[in-house]
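Just below sit the structures, each encoded as structure tokens.
First subunit A sits with subunit B, and in the next complex the same chain sits with subunit C.
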Partner chain A sequence: MSHEEKLKNYRTAPFDARFPNTNQTRNCYQNYLDYHRCNKALTAKDKDPAPCEWYHRVYKSLCPIAWVQKWDDQLEAGTFPGKI
Partner chain B sequence: MAHQAHAYHMVDPSPWPLTGAVAALLLTSGTAIWMHFNSMSLMSLGMILLLLTIYQWWRDIIREGTFQGHHTPPVQKGLRYGMILFITSEVFFFLGFFWAFYHSSLAPTPELGGCWPPTGITTLDPFEVPLLNTAVLLASGVTVTWAHHSIMEGQRKQAIQSLTLTILLGFYFTFLQGMEYYEAPFTIADGVYGSTFFVATGFHGLHVIIGSSFLAVCLLRQVQFHFTSKHHFGFEAAAWYWHFVDVVWLFLYISIYWWGS
Partner chain C sequence: MAHPSQLGFQDAASPIMEELLHFHDHALMIVFLISTLVLYIIVAMVTTKLTNKFILDSQEIEIIWTLLPAIILILIALPSLRILYLMDEINDPHLTIKAMGHQWYWSYEYTDYEDLGFDSYMIPTQDLTPGQFRLLETDHRMVIPVESPIRVLVSAEDVLHSWAVPSLGVKMDAVPGRLNQTAFITSRPGVFYGQCSEICGANHSFMPIVVEAVPLEYFENWSFLMLQDA
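Showing the complex of A and B:
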């Protein structure tokens, strides 16, 4: 399935076997990290960052809005503690 | 004249358990008052009372055992059980702090950057002073064993020398750790890393000081001929405690200093 098709069929975040338990914090955080890492890696190689949109959709589905806002503010201020 | 028809020690009435309990109450409430109302009076009073209790209670036990002969074999067996149970309770005390450390470090939260050590923490190099500290404590375990054998073999001078060396090594550890605390690039207020590091190593350091004091009292007693080659339980208790302190350090070193870096 191409990523355009995947995104067209997207309804919500699918089951991810890496995070099987009720506490989905890490699922949200990992996808947030992966989106920004994917963007950084692809734009560094002058490639189209379209595949990264999947991670964007997943973390938007899973994460509390307040967390995303806090992390976005931290990224802007340069104080985000995760490794991008 | 009536004599006891058993080998156990029926202790004479003593005020020290009461003064100890009062000291504990003053220390705990005093610390709370100090933290909220900026007054050290109650806490200081509790500390003084505690020190007086410690000195006099243990002085009385030495009088009863060494000078009055009350520490018969079954009595000594009871004292052994007591020390072992006490050390076991201390093991559980430290277990709690190790639990706290592993809880936070095995699954580091996003606030920490999802990694351990957390983002922004520069850890101490485990192969510098911490490794020296490990060598110092291991060496002190050897010297305390040497002291024990010297006592058992009736070698007075060697017992005094090896016991002194053990205490000096203990002081050296405390000095080195004090320097590390002063120079460390992080404080107790630096997130959960700082909290787990300083609470665990801090309580360990306190136990090193307690253990060194215990050994120092044994040195004083050895110089004053209290110990015989067959009967020296006070020393054995101090040595057990000292080995326990050494083992706790080994776990701290492997977990926090090495794996946790």
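Showing the complex of A and C:
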């Protein structure tokens, strides 16, 4: 499935076998990281960052709004603790 | 919701809760039968005038009262494990909702498509309208489409809370900094009540949960209206 089709048929974050248990904290954080890393990598190569939109939808579904806002503020301020 | 002088569980509104209800009936019946048998034996032994001072051992009865309890335990364990594994099935949710616990209210976030978020405060007793339930009603309910698998991610913004809805068979601790996943399907439309289940301060008893299951079109209308109001 192309990434446009995947996004068109997006309902909610699907089951991710990397995170099969009750604790989904890492699932949210990993997708947030992957989105920003994907953006950074693709724009560095002058490519279309459209495939990164999947990670964006997934972390938007999973992560609490307050967490995302905090991380976005940290990214802007340059104090985000994760490696992007 | 719970009824006055209620003894048993609330009516099940999800398939898992139905299974739990039936299992509980099964296990409790075994408990009643064993208790009745033991009570009968005690009464019989205490009220008899017969005595026998010469029994030393008996292989037959020892075998019976070893095997029979083992069989009964297996009869309890098998349905129990069946339900345990049923609850662990990989499900494919149609909708993800985040339930965030605060002191002292819940907030719900529906962010699969747009960013919909709202708070859900208990309606104070003096503001109830006739027919509403004391300490259970909220100003905004968590509305979901009926018969759709829902994933709820529970967390907290301050202290420990716990998101529980007994008729759906759901309880999940809300831990700050952690995202706990639970899932369910509502078998029928309706309004299902629950209460915060982890002590969280002065108003721990006054931050209830109300889940309203409606047909999909009503859910879509509701989310559209909620987004406009936000």
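As a working rule, the second predicted complex is superposed on the first by the 84 of 84 C-alpha atoms of A that agree within 3 Å, B and C clash if a C-alpha of one lies under 4 Å from a C-alpha of the other, contacts with A are read in each partner's own complex, and residues count from 1 in each chain.
The working rule: a residue touches a chain if its C-beta (ideal position, glycine included) is under 8 Å from a C-beta of that chain, and two chains touch if they have at least 3 such contacts.
Nothing here was measured: the structure is a model prediction, and the numbers come from that model.
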Combined model on subunit A: subunit C and subunit B, fit or clash: fit
Which of subunit B and subunit C A:T25 touches, first, second, both or neither: both
Following superposition on chain A: angle at subunit A, subunit B versus subunit C, Cα, nearest 10°: 70
Which superposed partner A:F15 touches (first subunit B, second subunit C, both, neither): second
First, second, both or neither for A:I65, with subunit B first and subunit C second: second
Partner chain(s) touched by A:G78 [first = subunit B, second = subunit C, both, neither]: neither
Touched partner set for A:L33, first subunit B, second subunit C, both or neither: first
Touch count on subunit A, higher of subunit B and subunit C: C
Closest approach of subunit C to subunit B (Cα atoms, Å): 9
Overlap of the subunit B and subunit C footprints on subunit A, listed as residue numbers: 25
Residues of subunit C that touch subunit A when the two form their complex: 90-96, 98, 100, 109, 111-112, 115, 117, 151, 153, 155, 157, 172, 177-182
Of subunit B, residues touching subunit A in the complex: 109-115, 118-120
Subunit C-touching residues of subunit A, taken from the complex the two chains share: 10-15, 20, 22-25, 27-28, 57, 60-66
Complex interface listing, subunit A residues touching subunit B: 25-26, 29, 33, 67, 71, 81-83
